[in-house]
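I'd like to ask some things about the structure below.
Order of writing sets the chain letters: A, B, C and D. Residues in each chain are counted from 1.
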Amino acid sequence: MSKLTLSKALNEGLRRALEADPKVMIMGEDVGKLGGVFRVTDGLQKDFGEHRVVDTPLAESGIIGTAIGLALRGYRPVCEIQFDGFVFPATDQIISQLAKMRYRSRGKISLPVVIRIPCGGGIGAVEHHSESPEAYFTHAAGLRVVACADAADAYSMIQLAIASDDPVIFFEPKRRYWDKGEVDTTAPLDSAQPLDRARVVLAGTDVTLLSYGPLVRTCVEAAMAVARERSVEVIDLRSLSPLDMATIGESVRRTGRCVVAHEAPVYSGLGAEIAARVTEACFYHLEAPVLRVGGFATPYPPSRLEEHYLPDLDRILDGVDRAFSY
Amino acid sequence: MTETGLIQLLTPEGERVDNPAYPLDEAADIKGMYRDMVLVRRIDTEAIALQRHGELGLWASLLGQEAAQIGSGRALTPKDMAFPSYREHGVAWCRGLDPLRLLELFRGVSNGSWDPEEHKFHLYTIVIGDQTLHATGYAMGIQRDAAEDEAVIVYFGDGATSQGDVSEAFAWASVFNAPVVFFCQNNQWAISAPQDRQSRVPLYQRASGFGFPGVRVDGNDVLACHAVTRRALQAAREGQGPTLIEAYTYRMGAHTTTDDPTRYRLASDVEVWRLRDPIERVRSYLARSGQADSTFFAAIDAEANELGERIREGCRTLPDPAPLELFDHVYAGGSAILDDERERYAAYLESFEQTDTALEEAGL
Amino acid sequence: MSKLTLSKALNEGLRRALEADPKVMIMGEDVGKLGGVFRVTDGLQKDFGEHRVVDTPLAESGIIGTAIGLALRGYRPVCEIQFDGFVFPATDQIISQLAKMRYRSRGKISLPVVIRIPCGGGIGAVEHHSESPEAYFTHAAGLRVVACADAADAYSMIQLAIASDDPVIFFEPKRRYWDKGEVDTTAPLDSAQPLDRARVVLAGTDVTLLSYGPLVRTCVEAAMAVARERSVEVIDLRSLSPLDMATIGESVRRTGRCVVAHEAPVYSGLGAEIAARVTEACFYHLEAPVLRVGGFATPYPPSRLEEHYLPDLDRILDGVDRAFSY
Amino acid sequence: MTETGLIQLLTPEGERVDNPAYPLDEAADIKGMYRDMVLVRRIDTEAIALQRHGELGLWASLLGQEAAQIGSGRALTPKDMAFPSYREHGVAWCRGLDPLRLLELFRGVSNGSWDPEEHKFHLYTIVIGDQTLHATGYAMGIQRDAAEDEAVIVYFGDGATSQGDVSEAFAWASVFNAPVVFFCQNNQWAISAPQDRQSRVPLYQRASGFGFPGVRVDGNDVLACHAVTRRALQAAREGQGPTLIEAYTYRMGAHTTTDDPTRYRLASDVEVWRLRDPIERVRSYLARSGQADSTFFAAIDAEANELGERIREGCRTLPDPAPLELFDHVYAGGSAILDDERERYAAYLESFEQTDTALEEAGL
């Protein structure tokens, strides 16, 4: 066990993957010599060489498009998109090519490409550096979309993502990069929780609070803050597509109330899918509608307004309270 | 746009001309290329007819582009990898793909059911330009494998050159010196857009701005296409990086079977190009130079007839996929969400069968 | 009144807009000389010239990016994306630029750009020609996303979209292009139903059936097929973002049951937003969860399977039946 | 990459050299350009300091690029339109923009609150390359307006040249012969990526492949940048279409205030470029040629001090937007969904105020 930041845990996970399989590669803007703007790939080029850790030209479609070609050749590229807001030039390669290739080829082609995306706000950044674009990808069948929330999970999730034969969009909560946690780097990977399973972070009985990525910690803090009045079960979804409905449904059927929190705009966000699905699966158990706490139907605001835009402990608790007002 | 600088080894009249930079490969099997061109043209003709008869949803004709495709396709070694667009039926032929695999796609039975690695021929790519990056990435893989006897070729059209992805592929291939040949069939049309809607200078020049050589070849001259491609592939294998080949040709048919080219181009323009037919010139050359006689030509026509019949028959009997195949091959690792959908849909389908059986049993 | 196909109605609407405002332009692949692959822009270049009806290079990002520039210069470009599956190369320009410009500039910039997208399946097409990408755009604040369903509405909606100072993603149901309907080309535009309002197509009392685009007709047919047993209210949403919750909520509160049908995959599709929002707004009125009928969580299949993929009359009625099983 | 072919009118030592193709504009206000450069460098210095003190979230320094920006910015007429990237503080200055408008952006108070048409200076664009298409579209608008005395200039970096959108802009501008000047500041770095990660040949050559002229200018020579830009703009206005200008310069500072360039480049490389400082050479030239004396220089330094103070003061007092401004300017036509969110959030905020008031009233 060692105490690592989330960033370092990812770094260690990537290192493990590079060591374990010579076909694993890392590619992206500034991932090599600089080690990435968040240092997630720090030192990897030095140790594994320029052929395996590739500083690419500045072109996101190029990164994903060539990664697809490398995967066709048997490689397992792990691509970094420098910030959430810069994934969009790669949308076509991701949605029309990466997601569909297995289906198109009737299973003859696997594209084990991982796309790492630092995501979310709360760091006082300029435009396009604080977005939460997960819902754009959860709608695309063929992609796995996952989000890590803490160091220990990040360490194993990144390795599981790389080991997966499916393309994986891997969201990293950038404002949690420097949060520390105990990471067992000696545990075998197959003891880790599978990539497509949600995780009950805090058991509870009165209401189910669902989240992922940066807000998991906020949700736990919120739950603790009201622990004396209410027993809040906090679930870290981990897998955003496909959703682990078994875990979610079991919880909501028990608690009868459900709140989903994410940073992305509520409108047409992932919370919508969760709410719709949970309602269908747990209709007779629900005491209140599934409520959503999230970003507003506006573009991400200038950073001096982000504290208002982002769900914080109070807004999450407000959502929980509303769930009890029915 | 001028046609100067066009590399040619065989004139439209079928006369051999020499080009010191591109000596004819002694081993080049000209008769074989002739045969290939005749056969793929037959595939094309049959497919168009099948579409007319409702057996295919669509067909993209290669008419007029046989030399570009057979010349370049024949320049590939078995180890080279090819990335097609959606019109490369001639290249598919050279890669040993059964034409029925292509018909499946245009019939709507599959989206490409061949094994790309087995044939060293990737799936057709319909989104314009996307495959140029895949090819470049594949070539970067070859570099990492230090596989010095392999190269990649990627096919795309004149229209595709405007897509950002194609320029990105040029930039990457150049920066990484990747062993990839960019083979642009400039058939002068992107549906209704003439070539000057994509560039005001000849397309092969695009490469120089990215730092690698571009060459323009007579795309209706199978020998020239073969020689130019062979050389570019060899350069790629030898570590000299990418080349852009612009095969200057003409789309003789409609864009696809749903297109009506009379809306945007003159029949007389098409006529000019009919005189440059890629098959006719080889035929004259072979005949005039005494390399082939009427027996040879007749044998190939007979072979084409057989092939045509096989395609007609084969196409009509291509089986439709079973409904539940809809749910296969989305994820390698499976998905509980999808399993649930499959199960529900299976039950739904079964409910009809049950109704049908019940009705039947009730004698209705 | 004249009987026009939906394609021709759009053509007439575009012509009106070109006549009414010299700043209106049409641009896209093959929209000029050819008149578009669906002939929606037929004859317009001949009548309005190459400066106003522009055959562009083959580059979707280029189409939207230059349209933004033209809009900055005071023009009102109406862009055509040839098929649904080819909008993705333009995602970055749409989501990071077009949608956000008004917000970024604190209202100083308007970008009245319309993006016409023929959408949906059912025409036996090859890959990428049958998709329903609306949910990728409804999540992007700043965009209006609308879909027309019949000739009469198409005629006025396209003009309203062009007149809007907001960017509009305008979906056209391609398999309905040749459906005919009565169109009153003499009616003034301001008598038309506003762009952001839903429309009750068929009044009913037992269940609310929501849809848009190509499935509106299917829904009406479904409702009529069961008219003797059930009274189904069919609503054409028209505006997918923002949703007209007033109209929807009023109906669902009356009927107590709601089914949403669309061609796009259900998972993370627009139906999710509708279900989540309706459930929250009508919780105490709902006799059953809002049910969704739509495409499966797979890529669009080869066309010989599309009859199974696309919701048809029977599957929609199955959804309606399920709503009554609660 | 060589530096041959670089257009220069002033050597690093401050000596005037002649270039027959680019005669010095007699009216060129060299002293004014010197002043501009000194002042924008001061803006830059202050902004970096403000960021260090937590007053700005970030700053992208233009250090070393003053000549490229002032030279080109001064070549614009009031009617020309400029599309910046995110580092064009010098161009902003030339367009009469108050530097505080830029600080607002980096402070997180706005995403750009100036009126682009008023200043003929578009908002900063952070997504690399996107603005090149906007500029091209704008130029197409100028063509439609038949506004013969207007042109467009668009700024981007060496890194941006790899983005598909930039190539698409090149293709469109060329095909439509649009009056747009592509001004690439090749500062040799895209964060940590050196220029050879984007191209293996000089970037100005990119243009020729798209069919329009490209020129490389000494980006640290304000006179050359001015002359080359002026000529390109003039050509654009006269209907000669686009030009690509590569201003060869060097990013002297970090990429932004969060970057640590010591991780990827040598201090000694930076030193080489310090000797080519764009301001120093004009100062020597002005001094040596007797066009300016120490009074002049002192006056400008004093002006810079004043400007610095104004910026420090102004920045600290930039007001934060009110919380509910969050919901403004999303739609011109309004949105009931958003109105609902605004209302709910306003009520939510109010509930805190009520609690606060209640607590206060209770004397707590």
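Throughout what follows, a contact is a pair of C-beta atoms (placed from the backbone, for glycine too) under 8 Å apart; a residue touches a chain by one contact, two chains touch by 3 or more.
Keep in mind that what you see is a predicted model, and the values were worked out from it rather than measured.
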item: C-D compared against B-C, more contacting pairs; value: C-D
item: From subunit B, the most remote chain by mean C-alpha position; value: D
item: Approximate Å spacing (C-alpha centroids) for the pair subunit B, subunit D; value: 45
item: Where subunit C and subunit D are represented by their mean Cα positions, the distance between them in whole Å; value: 39
item: Whole-Å gap between the CA centroids of subunit B and subunit C; value: 35
item: Rounded Å distance, subunit A centre to subunit C centre (Cα mean); value: 31
item: Residues of subunit D engaged with two or more neighbouring chains; value: 110-111, 127, 162-165, 168, 171-172, 175, 197-198, 330, 335, 337-338
item: Set of subunit C residues in contact with two or more other chains; value: 56-57, 59, 61-62, 85, 88-89, 92, 96, 103-104, 127-128, 141-142, 241-242, 267, 296-299
item: Residues of subunit D defined as touching subunit C within the complex; value: 110-116, 122-123, 125, 127, 130, 132-145, 164-165, 168-169, 171-172, 175, 328-333, 335-338, 340
item: Complex contact set, residues of subunit C against subunit D; value: 25, 51, 56-57, 59, 61-62, 64-75, 89, 92-93, 96-97, 101-110, 141-142, 144, 164-166, 195-196, 241-246
item: Touching residues on subunit A, where the partner in the complex is subunit C; value: 61, 85, 88-89, 91-92, 95-96, 99-100, 103-104, 127-128, 135-136, 138-139, 141-142, 241-242, 264-265, 267-273, 275-277, 279-280, 283, 288-292, 296-299, 326
item: Subunit B - residues contacting subunit C, complex; value: 57-58, 86, 105-111, 126-128, 159-160, 162-165, 190-193, 197-198, 258-259, 263-264, 320-321, 323, 325-327, 330, 335, 337-338, 341-342, 345, 348, 352
item: Subunit B contact footprint on subunit D (complex, rising order); value: 161-165, 167-168, 171-172, 174-175, 177, 196-201, 205-211, 214
